[in-house]
Structures are given as C-alpha cells and as structure tokens.
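Once you scroll down, you'll see the structures, which are given as structure tokens.
First chain A sits with chain B, and in the next complex the same chain sits with chain C.
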Partner chain A sequence: MTAQSFGDSLKNKFGDKLLEVEAAGVDQLYVRIVPECLVEVADYLYNDEGCRFVINSGTDRREHNGKFLITHFFAQDEENLYIAVHAEVDGNDPRIDSITPVVPAANWSEREARDMVGVAPEGHPDPRRLVLADDWPEDLYPLRTDVEHGIKPESCPDVAMPLVEPPEGASVVPIGPYFPVLEEPAYFRIFVEGETVVGADYRGFYNHRGVEKLGCSVLTYNQIPFMAERICGICGFVHSCSYCQAVERAAGIEVPERAEYVRTIMLEVERVQSHLLWLGIAGHIIGFDTVLMQTWRMREPLMWLCERITGNRKTYGMNLIGGVRRDITADVHGDITDVLAKIEKEWRALYDAIPGDPTLMARLKGTGELPEEKARELAVAGPTARGSGVAIDVRVDHPYAAYDRLDVKKCVYDSCDNVARVLVRLDETLDAIDIIRQALDDMPDGPIMAEIGEEIPAGLEAMSAVEAPRGEVFHWVLTGEENRPERWRVRAPTYANLQAVPTMVTGDALADVPIDVGSFDPCFSCTERMEVTDLKSGIIRVYTQDEVLALRQSK
Partner chain B sequence: MGFFKNLCNKAFPKSLWVYHTNTGACNGCDIEVIDVLTPYYDVERFGIKLVGSPRHADVLLVCGPVTRQIVPALKRLYEAVPAPKLVIAIGSCASGGGIWFDSYNIVGGADTILPVDYYIPGCPPRPEAILHGVAVALGLAEKKVAREHIKQLIDRNESISVEDDTGAEEVVPGDEVPAELPTSK
Partner chain C sequence: MLSKLKEAILCFAAGIVTLRYPFAPHDPEGEEGEFRGYPEVDVNRCIGCGGCAAVCPARAIMIEDIDQTTRRITRLRERCIYCGRCAEVCPQDAITMTKQFELASDKVREDLEHVCEVFMATCKRCGRCYEPASPLDKIMEPGYRHDEIKRGGQEPLYEPVEASSE
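Then we have the complex of A and B:
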C-alpha cells in the first residue's frame, strides 16, 4: 500500500475530521486532523491498522497562526510507511486529549510535550514532569519560541526525587545515580523480596542537554550535523545521517550515489564498533572482564581505521546537507578489508565461545525476559525488539542511503531473554561486515556532495529513520526561517527501550538487574526520563510537584 | 602549586585509583576512558585502576557538561572521595561546557561545581591525551603547554592566576590586560 492509497482509505474512514491529507512520495504520509478526534485516529492506526507508535512532538507555532502543533508519528513497517498526524491546538488554551490510554507507548513522549512546550495531555495517567530538572519552575517551557535557549532559572536545592513506598514486605535497594556498571547517571530503586525483584522505581534525565532547543534557535542547517553527532558519542553518525536525510528530503536535494554508499559504510563501521563495545560492557557487567578486554582489543584497530577515513576516532564530522565531506578513497580500501578480515576472524572465535560458555549462559539464559506482545506494546526497537521475535529493522523495512541496493538480513531470535539479545548482536556484527564489503565493491564513482543552489524554503517537512546499533533513530524536521529548522525532533532508540525495564527486571534476582538494563545497550544521553512503577499491582504511581513537596515534608 | 605537587607525590607515590563519573556527557569521553584501561593503552601499568566506589578513589575523572539535574549528586560524590583528592576534567564539555555551554539545562564545565586540578580537552580526547594528562598529574611527564590568559575572562574583569616558569603564582587584576600573552613553554 502506498502513502496515497493509505491516505485515501483514511479519508474514507474519517471524512471531514481529516482537514488535509498529503502524501510525500510513496512512503510518507502527512495528515492534519481536528484535534478532537485524535484519540479516534490514533486508536484506528494503532489497534486496527497495527501501526507502531514512534514518537510525538510539540511545536510552538504561535508566531505563525497562534497555535501549537502537536504531531504524532506512526510507522507501518510491513508497508514501508511513516505517518505523521498533525493536530493544531489553541495557543491560549494548550490542551489535547491523551492517546496513552489507547497507545501505551505514547506515555513518555506526551509528558515530554507537556514539559517542553506546555501542551497538557488530558486524561494522561501520569501528571508528573519528565525531562526537566526537579527544581525547574512550573510554568517555564523551554521549547516555546519566547523562551531564550540560555535561560537559567534560580536553582532551588530543596526539591528532590520523591521516595516511593515499596510494596508491603519488600525492601528497597537503591542503585545510582552513580553506579559503577552503568557509564551514565541513572537512579533506580529496586524493590526486592529476598533476592527476587518485585518492583522498580526509575529516575533518569540526568543528561538532558537541550539539543532540540539549540538546533531550533542557535545553529544553522549545516552546523546541526556536528551537534547531532554529539547526541551520542558511541553511535553519533546515525543522528547526523538521519538529520541530513530529513532536511534533504524536505528540500528535495538529491544526494549523489557515492555519498549514499559512504554513509552506508560508515553506518556499518559504527555498528561493528558499537556491538564490540557493547559486548565488552556486557561482559564487564556480569563480572567477566576477559570479555571486556578481548573485545576492546579487537575494536581498537577499527578506531584507528575510522581515524584514517574520517580524521577522528569517533564523532566523524562527515555528514553535511547534500552529502559527505570526505570520500572513502581507493588507498584506504586495503586498510578496510584488512581490518574487517581480522575482526571477522576473531569475532567468529568469540561467536563459538560465547554460546558454549556455561558461566555466561547461566547468567544470561532466562533473565531479562521481555515477551513478544509486551515488546510490541511498548514499541521497543532494534536488537531489543529482534531478540523478542519482533522482526523490525529500518534497513530492510524503510531502506535509506544505499541499503535498497545491498543484501541486508534481519537477525531475529525469539527466546525473549538476555541470550537472544546477545545472539542478535553477534549475528548482526558479521552481517555488518558483509554489508561493508558489498558496499565497497558496488560503490560507484562520482561526486560526494550535491550542489545546493538556493536557500531552503520555510514550512517544508520530512521524516527520516536510520537503524542505529541500538534500534531505530527517528528525526523529523520542519524547515524554518533564518537558515535553520523551525522544529527538529529526535527520537533515540533507548527512549522506547528504557520503558521496557520494569517488565524485564520483574521476577529476576537482584544480581541480574544490571545485565537486564545493560542488555538493551542503554544510551541515557539520548533519552533521560522518569517513571515510577509498582509492578506488583501493575499500577503506575504518579506524583505532581506539589505531591512531591508534600511527601518530602512528611518525611 | 609546588606544595600541592609535593603532597601529591607523597600521597600517590605509586598507584592512583580513579573513579569515573559522567555528569551529562554524550558517552564519547566515557568510552575513551574505558579504552585507556583496556589492553592497547593499559593504564594499569602505571598502577592506575578504575574502582567502583568513590570511597576507594584518589582521583575523580569527570566527563561531560554539568547538567542542572546532576549537581546535587555530583557534590555528594565529590564529598565521598577521601582527601587528598584530584579532579581531572576530561573532554571539552567537562573543561568548559563544550558546545552546550549556554544551554538552559547546563550549569557549565566541571569547574563550576568542583575544584578541577587538571583539564584534558578534546572532543573526545584521544586515549593518548588522557594518558598524557594523567601522567602529568602523576609527575611522570612534563607539561607541554602553559596556562594562557583568556580574553573573555579579562574583559569580564575577573582575576585569574598565571603560573610562570618558577612555579610561583602571580595574580593579574582583570582590568590590566597584559601587553603580551604568555606563550607556550
């Protein structure tokens, strides 16, 4: 089904409630609806059409039409289709119906829209803030255009995270915000009965840096790729690539074929690097430091190779709107094949050793279980989804760069536990090496940068997704004045995967919690949220700022 | 500085135990820190060891710009490290906020919250740079670049201290802009 025919079917179904339906190419559909029927449309897309919820976004458009634009993004992976559902709400009374009751995966992003632009999701089960610091003022919304990017409200040292009462009979084990096995700050309170985890309480967003605000108010189109790479220091290339693709698509810029191949090669090099890194960290988490030392030793020649190709070990600085800045010249081809051959040989040895290691298997098998239906409900991405039998991979489902011309396999396992997630990554690494070889062979000659004549006009939009080592990275760009986007929305895969933590840890032993969290390769710097879940009763407990203060005072 | 160096030489004669903290970094510096610990760079040959608790640490390695939310935790972390202690800021963000320096949720570099002893700039700094920085801190290697005046600081009328070749400290009042900036040693 193409975007056009899907749009027509929506029109037949909803009639006048759809104000505008616009297909962009065959794989992107933009729909503008009456805000009152948002829940109905979301319910239809999610429950009847089987679409996957991606993210939502809030945009302050009061300068243009006095309204806030709320956009929900859905993906139909089987049909290679992304759908953006726009709804405009009144600038003086910013409220919208919450879709979380029908689409559980929308939980965090609706709260984020409330924090950042101040559009309240009505009927949302969770009235707490999500992204901003505890002591951030109540009525200051950083993504509104009348708020300066450098605003620094007075800090208020006495406001802190509320302490949640554990279920009766359970004890609390606090982990974090600084915890040795996790590279980044995150605060978990694990509720245990004996050794068994019965609940978890999580507080994140320690790494919130205001990336989207800087992109929409300070930087220009061609400066953003360099900041986008610094969203994540491990898999930054996916962010700059996805952002550039979105702008190119919005502005109708044709990227030279050779540049697409260069992007593909660098994306796969990054995947190999990231999976090697992850396997080492996973070994470290379960106390098997030999794995850490071995995989990082294997990884180092790849870092030198990246430096040879791009000039930097990571944060490659290769992408610009319209192409890439450096070519992969013939004289590094030999280096690439040598390094790949070495890594492949050593990786195969590892591949045989890991499933045969009883200690490793004892720690990984049956822990961190995430059943398939839960994985679909929470819309998890990447190896976390594929380890739970959900066969989604952006490279195959929504091909970008040069992937439509290459042979890419989906690596899927269905045992739904930590072993599955390890095996997915083991397979994927070999697959990535294969893709790099194919791309090197097929790479055509030609320019690596498109000529861009005039300025990019305002008011155009496009979506773009890239399969990062951790899952689907999604960017949406709405072009604006002054040579910068009016709105740039980023969704990193950990945003979805982190919401699965409470499900994964329940029923495990306390000692398995770090590897459960580590098993989806969390990247908090991209994500950063807050959630309190009582797993025993299944009720998500929610605190407002006032309740937090009341709780503190009662202590 | 001379006194401090002597104290360090006494307190940390052979082995430094380090605790690594991320205050809002993108992970780039963090994984270069781990890289320094793994076989190719093997910082353990200098007796340097990554520990899991700040209570065991001599040195705090700080990566990333300091976000608003992490400030209280970072302060508590610093207090948990027993004295004498060193703080090393790793990467451009920890050294001065990096590209995020004026974002709404960023307080600044690590030195806005903690007294930082050594800065290792870079985005991310190479493992060799981290090794060199730590070696300078240990007194194993000579410092290669002298501290320089930063024009913006002088414009803001703030006093900054300048270290000359003899190691003595000299305080330059902010309004007297020196005719010549100190050059590299």
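Then we have the complex of A and C:
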C-alpha cells in the first residue's frame, strides 16, 4: 500500500475529521486532523492498522498561526510507510487529549511535549514531569519560541520528584542517580520483595542538553550535523545521517549515489564497533572482564581505521546536507578488507564460545524477559525488539542510503531474554561485515556531494529514520527561516527501550537488574537531548549499600 | 578449569596491544591518515571574510569590528571540535588542520585562544568594515601601508618605509 492509497483509506474512514491529507513520495504520509478526534485516529492506526508508535513532537507555531502543532508519528513497518498526524491546538489554551490510554508507548513523549512546549495531555495516566528538572519554574517551557536558548532559571533546592508508591510490602532499592555500570546519569528505583524485583520506577533526563532548542534557534542547517553527531558518543553517525536525510528529503536534494554508499559503509562500521563495545560492557556488567578486554582489543583496529577514513576515531564529521565530506578512496579499501577479515575471524571464535560458556549462559538465560506482545506495546526498537521476536529493522522495512541495493538480513530471535539480545547482536555484527564488503564492491564512481543552488525554502517537512546499533533513530525536520529548521525532532532508540525496563526487570533477582538494563545497550545521553538538575529524594525506606550487603550476607 | 586455561591462552596470544604513548611519541601522521588536529591559521593570508566563523559548528570563531578599519577574529580553540569546516571553506587556504593533538594545558583559555586583527576597508556609505574587491583597492585604502596592526602577535607584514633623509 502506498502513502497515497493509505491516505485515501483514512479519508474514507474519517471524512471531515481529516483536514488535509498529503502523501510525500510512496512512503511518507502527512495528515492534519481536528484535534478532538486525535484519540480516535490514534486508536485506529495503532489497534486496527497495526501501526507502531514512534514519537510525538510539539512545535510552537504561534508566530505563524497562533497555534501549537502537536504531531504524532506512526510507522507501518510492513508497508514501508511513516505517518505523521498533525493536530493544531489553540495557542492560548494548549491542551490535547492524551493517547497514552490507547497507545501505551506514547507515555513519555506526551509528557515531554507538556514539559517542553506546554501542551498538556489530558487524561494522561502518569502526568509527572519527565524531562525538566524538578525545580524548573512551572510556567517556563523551553522549546517555545519566546524563550531564549541560554536561559538559566534560579535553582530551588527543596523540590523533589513525586515518587511512585511501591507495591504493598515491597522495599525500595535505589540505583543511581549515577547508574553504576554505565557511568551515566539515570535513577532507577527498584521495588523488591526479598531478592525478587516486583517493579521499577525511573527518573532520568539528568543530562538534558538542549540540543533541539539549539538547532532551532542558533545553528544553521550545515552546523547541525556536527551537533547531531554529538547526541550519542558511540553511534553519532546515525544521527547526523538521519538529520541530513530529513533535510535533503524536505528540500528535494538528490544525494549522489557514491555518497549514499559511503554513508552506508560508515553506518555499518559504526554498528560493528558499537556491538563490540556493547559485548564488552555486557561482560563487564556480569563480572566477566575477559570478554571486555578481548572485545575492546578486537575493536581497536576498527577505531584506527575510522581515523584513517574520516580523520577521527569517533564523531567522524562526515555528513553535510547533500552528501559526505570525505570519500572512501581506493587506497583504504585494502585496509578495510584486512581489518574486517581480522575482526570476522576473531568474532567467529567468540560466536562459537559464547553460547557454550556456562558463566555467561547462567547469567543471561531467562533473565530480562520482554514478551513479544509487551515489546510491541512499548514499541521498543532494534535488537531489543528483534530479541523478542518483533521482526523490525529500518534497513529492510524503510530502506535508506544504499540499503535497497544491498542484501540485508533481519536477525530475529524469539526467546525474549538477555540471551536473545546477545545472539541478535552476534549475528548482526557478521551481517554488518558482509554489508560493508558488498557496499565496497558495488560502490559506483562519481561525486560525493550534491550541488546545492538556492536556499532551502521554509515550511517543508520530512521524516527520516536510520537503524542505529541500538534501534531505530528517527528525525523529523520542519524547515524554517534564517537558514535553520523551525523544528527538529530527534528520537533515539533508547527513548523507547528504556520504557521497557519495568517489564524486563520484574520477576528477576536484584543482581540481574544491571544486565537487564545493559542488555538493550542504553544510551542515556541519546535519550536526554536537553538539561536537568539532579535531585534525589527518598521518602520511603531506602537501603544503603552496607545494608544491602548485610542483608545478602545474612541470607 | 579447561575453559580458564583457554581464556588465558586467548589473552596471551594477543601479545602487547597497547601503544607506548606517552613514553614513546605517537605520530598520527605515521598512519598516513586524514587525522584532524589543531587548526593552524596563517594570519598573513587571512582577509577577514568571516567564512570560517559562519560555518563553525561549535561557534568557536568570533568576528568583531573594533573600529572602522580593523576586524578582530578571535578563535576560542578550547571549544574547537576539530571538524575542519573552517579549513574547508577558507577562500585563502589560510587554515590548515595540523596533526598536533597534544593540547593539554593548565591555562586553556590563554594558550588556546588565538586573536588576529585584519586591516579592512571602510564602506563609504555605512562606515562598516568590508573586504575590498581586489588587493589593489586594499593598498589604496588610507592607513594600510604603514600598518602597525597586530597580526596574531607576529611582526607586521611590511615594515613602515622610512623616508630617506637625502
């Protein structure tokens, strides 16, 4: 089904409630609806059409038409279709019906839209703050256009986040605000009965950096890729690539084929190094440091290779609107092939060793369970979804760059536990190596940067998704005046995956919590593109580390 | 026990994989790579067009016209992300990405800040600085030839010519 025919079927179903239906190409559909029927449309898309909720976005358009634009993004993975549902709400009384009761995955993003632009989701089951600091002023919404980008309100020390009450009889073990194994800020409150976890609550966004605000108020189109790349420290290329693709699509810029291949190769190189890094961390989390040392050793030649190709080990600085800045020339082909051959050989040894290793299996098997239906409900992405039998992969479902010309496999396992997520990544790494080889062979000659003549007009929009090592990265760009986007929305895969933590840890032993969280390769900095102060509060009984140790020893 | 032995052999087989750095120097140039280090500016080539400031993603380059004929370009290189965009757009090839990466300092601001002042022409209409169309036009500008303008702390390009006493 193309975007056009899907749009027509929506028109037949909803009639006058759809104000505007516009198909962009065959795979993107934009509809503008009457805000009152948002829940109805979301319900239809999610429950009847089987669409996956991606993210929502709030845009302050009061300068244009006095309204706030709330956009919900859905994906129909089987039909290669992304759907944006725009609803405009009154600028003086910004409220919209919450779709979380029908689409549970919308929980966080609706709260984020309330925090950032102040459009309150009515009927939201958990209307606590999500992104902003607890002591951030009530009526100051950072993403509104009348708020300066460098604003620093005074801090106020006595405000605390309202906590979720643990179930009757359960105790609370706080982990954080610095998550001990990943050295990143996140605050989990784990509810336990004895050793068994019965639930969890999460407070994050301690590291909100205001990336979207900067992109929409200070930087220009070609400066943003470099900042987008810094959204994530491990897989930055996916963000700059996705952003550039969105702008190119909005402005109708044709990217030269060779540039698409270069992007594809770099994306896959990044996947290999990210999975190697992740496997090391996973080993470290469960106390098997030999895995950490060995995988990171294996990864090192790849990092040197990246420096050779791009000039840097990480944050390659390759992408610009219209193409890439550096070519992969014939004289590095040999290096790439050598490094890949070495990694493949060592990876295969690891591949054979892991499923047979009793230590690893004892820790991974049956822990961190995320049943398929829950995975679909929470719209998790990437290896986390594929480990739960949800066969989604942007490279296959919504091909971008040069993936439509290459042979890409979906690696799916259905045991729904930590083992499955490890195996998915093991397979994917070999697959990625294969894709790099294919791309190197097929790469056509030609320019690597498109000629861009005139300025990018305002008011155009486009969506773009890229399969990051952790899952689907989604960018939406609405072009604006002054050579910068009016709104740039980013969704990193961890944003969806983190919401699955309470499900994954429930029923496990407390000691398995770090690997459960680690198993979806969380990237807190990706999720937190904006800024928050840290406030910890424990009203309920809180154990210290010594108490936990004493309890464990007395058992 | 056997698996532990295997593990040990695996680790030994790899040999020494770390670099001797900092006990032995590390030279990214030796990699024949495209490594981007400290951006070196040839102040004598700079014409003050401001292209580098316009593209810098880190907004590390600031342009300020301190009077009608002098443009001050301040590079806060503690902010630099070494992307090399400035070198890419410079019409004069005044900026080169060097291989220098040892930039640790206890006075980052002073050591990594770089200021240069460029002589500009003055617009007859608005009185602001602009880059004249040709070098000849620039020479004709009053104040150019006997400039004692600081060029990044270096000696002036041309010594003022002393009038001969004969």
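As a working rule, the second predicted complex is superposed on the first by the 520 of 555 C-alpha atoms of A that agree within 3 Å, B and C clash if a C-alpha of one lies under 4 Å from a C-alpha of the other, contacts with A are read in each partner's own complex, and residues count from 1 in each chain.
Keep this in mind: a residue touches a chain if its C-beta (ideal position, glycine included) is under 8 Å from a C-beta of that chain, and two chains touch if they have at least 3 such contacts.
This structure is a prediction, so every number in the text was calculated from the model and none was measured.
Participant: Counting only touches as set out at the top, which of chain B and chain C does A:Glu300 meet: first, second, both, neither?
Facilitator: both
Participant: Looking at A:Asn222, would you say it contacts chain B, chain C, both, or neither? Reply first, second, both or neither.
Facilitator: second
Participant: Which partner chains sit in contact with A:Ile234 here, chain B, chain C, both or neither? Use first/second/both/neither.
Facilitator: first
Participant: Under the stated touch criterion, which partner chain does A:Lys365 make contact with: chain B (first), chain C (second), both, or neither?
Facilitator: neither
Participant: Just chain B (first), just chain C (second), both, or neither: which does A:His333 touch?
Facilitator: In the superposition, A:His333 contacts neither chain B nor chain C.
Participant: So, A:Thr315: does it touch chain B (first), chain C (second), both, or neither?
Facilitator: both
Participant: A:Thr290 in the overlay: touching chain B, chain C, both, or neither? Say first, second, both or neither.
Facilitator: In the superposition, A:Thr290 contacts chain C only.
Participant: Just chain B (first), just chain C (second), both, or neither: which does A:Lys342 touch?
Facilitator: Touch status of A:Lys342: no partner.
Participant: Intersection of chain A residues contacting chain B with those contacting chain C?
Facilitator: 226-227, 230, 293, 297, 300, 315
Participant: Mind listing the chain C positions that touch chain A in their complex?
Facilitator: For this pair, the touching residues of chain C are 3, 7, 10-11, 14, 17, 28, 31-36, 54-59, 81-85, 88, 97.
Participant: Hey, which residues of chain A end up touching chain B in the complex?
Facilitator: Listed in rising order, the residues of chain A that touch chain B are 132-136, 142, 147-152, 155, 157, 160, 177-178, 180, 183-185, 205-210, 213-214, 226-227, 230-234, 236, 277, 280-281, 292-293, 296-297, 300, 303, 313-315, 523, 525.
Participant: Would you mind writing out the residues of chain B in touch with chain A in their complex?
Facilitator: Interface residues on the chain B side: 20-32, 34-35, 38-40, 51-54, 64-65, 67-73, 77, 98-100, 102-106, 123-124, 126.
Participant: What residues on chain A touch chain C, complex-wise?
Facilitator: Contact set of chain A toward chain C: 218-220, 222-227, 230, 290, 293-294, 297, 300, 304, 307-312, 315, 317, 325-326, 357-358.
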